[in-house]
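As written, the chains take the letters A, B, C and D, and residue 1 is the first residue of each chain.
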Amino acid sequence: MTVTKLKIGAAGLGRMGKRHAINFLHRTPRAELVAAFSPDQTELAWAKQNLEPYGVTLYDSYEKMIQHPELKAVVIGTATPVHADEAILAMQNNLHVLCEKPLSTDIEVCRKVVAEAKRRPHLKVMCGFSRRFDESYRDAHQKMEAGLIGRPSIIRSQTCDKLDPSGFYIAYAAWSGGVFVDMSVHDIDLTLWFFGDDVVPKSVSAHGIRAVQPELKKYNDHDNAVGIVEFWNGKIAYYYCSRMMAHGQEDTTEIIGTEGKLTVNGNPQQNFVNYYHPGGITREVPAHYYGRFEMAFVAESNEFTDACLDDTAVPLKLTNAIKAVEIGAALKEALRSGKQIHFDEVGRRVERASL
Amino acid sequence: MTVTKLKIGAAGLGRMGKRHAINFLHRTPRAELVAAFSPDQTELAWAKQNLEPYGVTLYDSYEKMIQHPELKAVVIGTATPVHADEAILAMQNNLHVLCEKPLSTDIEVCRKVVAEAKRRPHLKVMCGFSRRFDESYRDAHQKMEAGLIGRPSIIRSQTCDKLDPSGFYIAYAAWSGGVFVDMSVHDIDLTLWFFGDDVVPKSVSAHGIRAVQPELKKYNDHDNAVGIVEFWNGKIAYYYCSRMMAHGQEDTTEIIGTEGKLTVNGNPQQNFVNYYHPGGITREVPAHYYGRFEMAFVAESNEFTDACLDDTAVPLKLTNAIKAVEIGAALKEALRSGKQIHFDEVGRRVERASL
Amino acid sequence: MTVTKLKIGAAGLGRMGKRHAINFLHRTPRAELVAAFSPDQTELAWAKQNLEPYGVTLYDSYEKMIQHPELKAVVIGTATPVHADEAILAMQNNLHVLCEKPLSTDIEVCRKVVAEAKRRPHLKVMCGFSRRFDESYRDAHQKMEAGLIGRPSIIRSQTCDKLDPSGFYIAYAAWSGGVFVDMSVHDIDLTLWFFGDDVVPKSVSAHGIRAVQPELKKYNDHDNAVGIVEFWNGKIAYYYCSRMMAHGQEDTTEIIGTEGKLTVNGNPQQNFVNYYHPGGITREVPAHYYGRFEMAFVAESNEFTDACLDDTAVPLKLTNAIKAVEIGAALKEALRSGKQIHFDEVGRRVERASL
Amino acid sequence: MTVTKLKIGAAGLGRMGKRHAINFLHRTPRAELVAAFSPDQTELAWAKQNLEPYGVTLYDSYEKMIQHPELKAVVIGTATPVHADEAILAMQNNLHVLCEKPLSTDIEVCRKVVAEAKRRPHLKVMCGFSRRFDESYRDAHQKMEAGLIGRPSIIRSQTCDKLDPSGFYIAYAAWSGGVFVDMSVHDIDLTLWFFGDDVVPKSVSAHGIRAVQPELKKYNDHDNAVGIVEFWNGKIAYYYCSRMMAHGQEDTTEIIGTEGKLTVNGNPQQNFVNYYHPGGITREVPAHYYGRFEMAFVAESNEFTDACLDDTAVPLKLTNAIKAVEIGAALKEALRSGKQIHFDEVGRRVERASL
């Protein structure tokens, strides 16, 4: 008996794309990275050093890569604006798809990807929301499912990045979709996971400021924002997203139930070291989300691979990826319009929900 | 040289009234509790045991108590609906006043108290917001003032009570003013302290649910609510109040600045004990706010006394007490109306703030 | 009915003496501080400001103070070398005695105090080990008594002071009794409390260094020392004492049982504030033991007062104070001799305990 | 360019052996597991499922496995008593060796392994002390090296296992070498790392009990033991080892310097989840050392591989492995003899070190 491996190609070798490629190459026993694509020469040079020696064929054209004769799947880690087209093209070439979040910042485009996937039910198509694969979130979810907190009723969740003074995020704002779609989408996805995929938003409010990056005004974006989503089943989620943390990445979630509460990452820490000094006791914090979620991405690669090889369901529904973007877009609209937004019980926009 | 003491009377000997009486009797060296009033026989019986032996004269009439010939001040710990009348009557009798929060749940009534106090500037009139006297909040405030977090921009603050299944809070809802006025008023007061007394709200949103006490519907109140207040100077405060905590009292505040963050009570704990057992490591949490803030109330008694005796300013402005209730009332309105509320730059209600 | 108060005098108004005086004056409702003594003019000047205005008579002679006609008790907070004589003199004048630890660094002298107290069983004589009155230690003790950790078997306890670069502790070493007797005596007292007063040491080992204060060599003392005490009932306590902490006071205890563990102050903290900054997350630590144990001293004053007024047993046996010093002395001998010391089952020194 | 991989064989497929095999198979990109050996049929059946499909040749004879024609290295994870012979045999077959700790519980046997390795300096021979590869310990070591704590002077380190009521450890005691050699050897190795390989013990004391496994008496072993090692350069390390933890694995280290302190794993935790419930706030703890040190073992595999392929020094000296066992043996002797043990400045046993 010899193990069958999923032959996969990696599209995009930027910061996150590199990580996906390495994870499929070295940390996913049942997968074999056979191809990788980047349009960027620097990235390809990196790949020549780090992927090619392990037998990975390199491409500077996505279209060519997906013609690789052995390929059965692609992992898409390119820039957001091309996610959807690449995903659809891959499906049309009969490839399984693991796509970095979001499918698109445009809901209509998201829907096209989902429609394509529906047409090809034998393909595994997954949009990666890394927190679903994190051991701590999973432990919290299991504890909730086991009834430890009664009926979950309130979620507080935040995605907070370390301040990047380079100006990167200002340029990025041009196409990021705004902080709620770009950042809080993770918290919204968690909400769907913990409250149930079928929750229907009832009303949405949001406020935002530009505390450190006034230039964001030009893109009508914000560096700190707070939003509330109330659901028809008597639950509330509220979110904070920020790109202004001095200390590092701080993604924290609380799930508050009628009989208890679960927190995830209430006390961020880099590792198990504490430093005692004349100013007190200090611990460090991961600077970036990968410092917090690295192993979640590894689990994601492995579970996607398992689903492809074993023909089992992927761990998170593709339709959730749309729903999360829809709620993010509602938060963005509430923020920009200065108005509370209302939905009826089947999710249609209304002027004012009946109370 | 003999020490001069502030002769004070305690109005109200209910749960909190008793504590004020004891604090002035035993834990305020420069004060002397000479009188105490309660309309309630059980409370008077308690006072006979615990106050009278120390030379405190007991009254079943507030009007009579404030005629006590030596009296210079009163501490008002009666039920909220009589706070204002008692405070005004005391001032009219030339007595300094320390009044439990809130002056009233009705802004107009609050304003009357303030007006009376303005007429008598020689009197010290203070509405007690206990967290202002808490060592941890003070330390955080000093650190912020010292510039440790840059420009404070976001406040997250919550007032969360342990679930009381007795039904007490349902009856209480009849006159409490609603959760934002009753509970979040503390968080709003902190906001004024950390952001500055002169901040002007720009817009307000709020959402609430009844997760464990559906009966609150009859008073149009909620057991969990989330609100956001955006201010004209580019700052945001967001609040969570709940009466559903399984584990105990959890009043937590984060002050997030452009260069750092301060948290107060991010990790609630009863004391310094941790219990290691087959299920993990457990620490207990105070069941009630007095378990968290007892020493703050003692500091409050002492600092009020100092201000009276030394004719110095009281540590917190009486006008703040109105402003906090006003913002609480705006949150309540936003919650009940399902609409974002807007103010112009001088604080007048407008349909929609210019963006 | 008027309350009866314990009229007490305070001997010694140095750092700790002042605190005892203030605690009996202002924080012990059933006590009345009527007298205070110090041989030191600066201390008396302080008392003139802080005690006399509240009706306290001041003395520069201990003998005269204890003649104060109303006096029923004394609290002794003078320098250790005079503790015993003052305690004995007080008893001979029919006064209750609360004496700062230790009674003496000399066991024979300790025994004289105990002998005097035995002769006068109507007097309350207590040697103050403050941790017995600390809420956290009490909570841990109750949890242990309730069986939460099974059979307590191992105690780790440390008394660690913030580094004092002033040289104070070098001079102090001349009469402190050595680090084990001066510092670990608290940990030993806790051991007696948690393991039982009747535990008998079986063997003792100790090692020490002079890491920051080489001058201690002249007094044969150390700035860091570690000791182990094994008891005949199959339990072990091990201690660390240090005067070298950069970060502040750190007195930590673990009680390890067959079915669980309790820690006290495993995570020292000044208050509830955490400061998040580019270097991580920092909390401060109390600089001195009074920052950690202030309320324990207040409880001590009150409980001693209750015992005197109500003629009930004092909360900790005077004989323990001897036993703790005896074990401390054994640790000192083990440290200095470089030999393990052995005792038989009734506590007599032997060359080698049978195994 | 194709990557060159280290072809390695895994000896022993028990609990830890399996993990080494999997780590070299799936988590060490530059290594290729080509062979695996176990004398045990159950283990071989596991290997047939989990290793063979990936191209690993299986053996039921160690001698045969090391004849595998492509083999360049072995990882030895068999039972301790055969470690040394297998290591020597491998070296004699010109193979690099990564051997689980300890080389042997017998110092003379350890020395034979080291002697063999000295004869073949072109071979990489490493005894795995996993904590050296743990990110937190490395961070602490770097901080110490950077001078953050001044001169390290005191180490407290403990290796504490979750209670295993199965009786396994009683049988294991027959050949484990005793708790100090089996468990504290990790803490001793850390001491050599943090204090320097060249530290010379000056004196050693130890005490132990049998709190939960009285049957250990038959092997003269203990389930809880405390030991102190004083070094000639004015430093002290003290150790606690236990097999009685109710809550899980708790391996904690403090490095206390003249200007600061570093702790590693002062607050053990399974993950980032906290559960808030009526009894307080609880977090879980890993049940076993692999839950704490899994990634350290992965780093170990990778770094050993790098050293073999790149002909660089292995990250920890083989002679340390002897020294750690020597100190462990001295602790065992001190425990069993009830006597403090002394060494002169070059490490020779003496009756009493000069003071």
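FYI, a contact is a pair of C-beta atoms (placed from the backbone, for glycine too) under 8 Å apart; a residue touches a chain by one contact, two chains touch by 3 or more.
If you want to know which protein each chain is, UniProt gives these names: A, B, C, D = Rossmann fold oxidoreductase.
It should be emphasised that the depicted structure is a prediction, and the values quoted were computed from it without experimental measurement.
*Asks:* Of the pairs given as A-B, B-C or A-C, which one copies B-D, with over half of its contacts the same by residue number?
*Replies:* From the options A-B, B-C or A-C, the copy of B-D is A-C.
*Asks:* Tell me which chain's centre, taken as the mean of its C-alpha atoms, is farthest from chain C.
*Replies:* Here the answer is chain A, farthest from chain C.
*Asks:* Name the chain pair with more contacting C-beta pairs, choosing from A-C and C-D.
*Replies:* Here the pair linked by more C-beta pairs in contact is C-D.
*Asks:* Taking each chain's centre as the mean position of its Cα atoms, how many Å separate chain C from chain D?
*Replies:* Centres of chain C and chain D (C-alpha means) sit 41 Å apart.
*Asks:* So how far apart, in whole Å, are chain A and chain C when each is placed at the average of its C-alpha atoms?
*Replies:* About 56 Å, centre to centre.
*Asks:* Scan chain A for residues touching two or more other chains and write them down.
*Replies:* Residue numbers touching two or more other chains: 149, 245-247, 259-261, 266-267, 270, 276-278.
*Asks:* Applying the document's contact rule, which stretches of chain A touch chain D when the two form their complex?
*Replies:* 1-3, 25-27, 29, 52-55, 135-136, 139-140, 143, 148-149, 259-267, 270-278
*Asks:* Which positions of chain B touch chain D when the two form their complex?
*Replies:* Against chain D, chain B makes touches at 245-248, 267-270, 276-285.
*Asks:* In their shared complex, at which residues does chain A touch chain B?
*Replies:* The contact residues of chain A facing chain B are 149-151, 153-154, 156, 203, 205-212, 224, 226, 228, 230, 234-236, 238, 240, 242, 244-247, 256-261, 266-267, 334, 338-340, 342, 352-353, 355.
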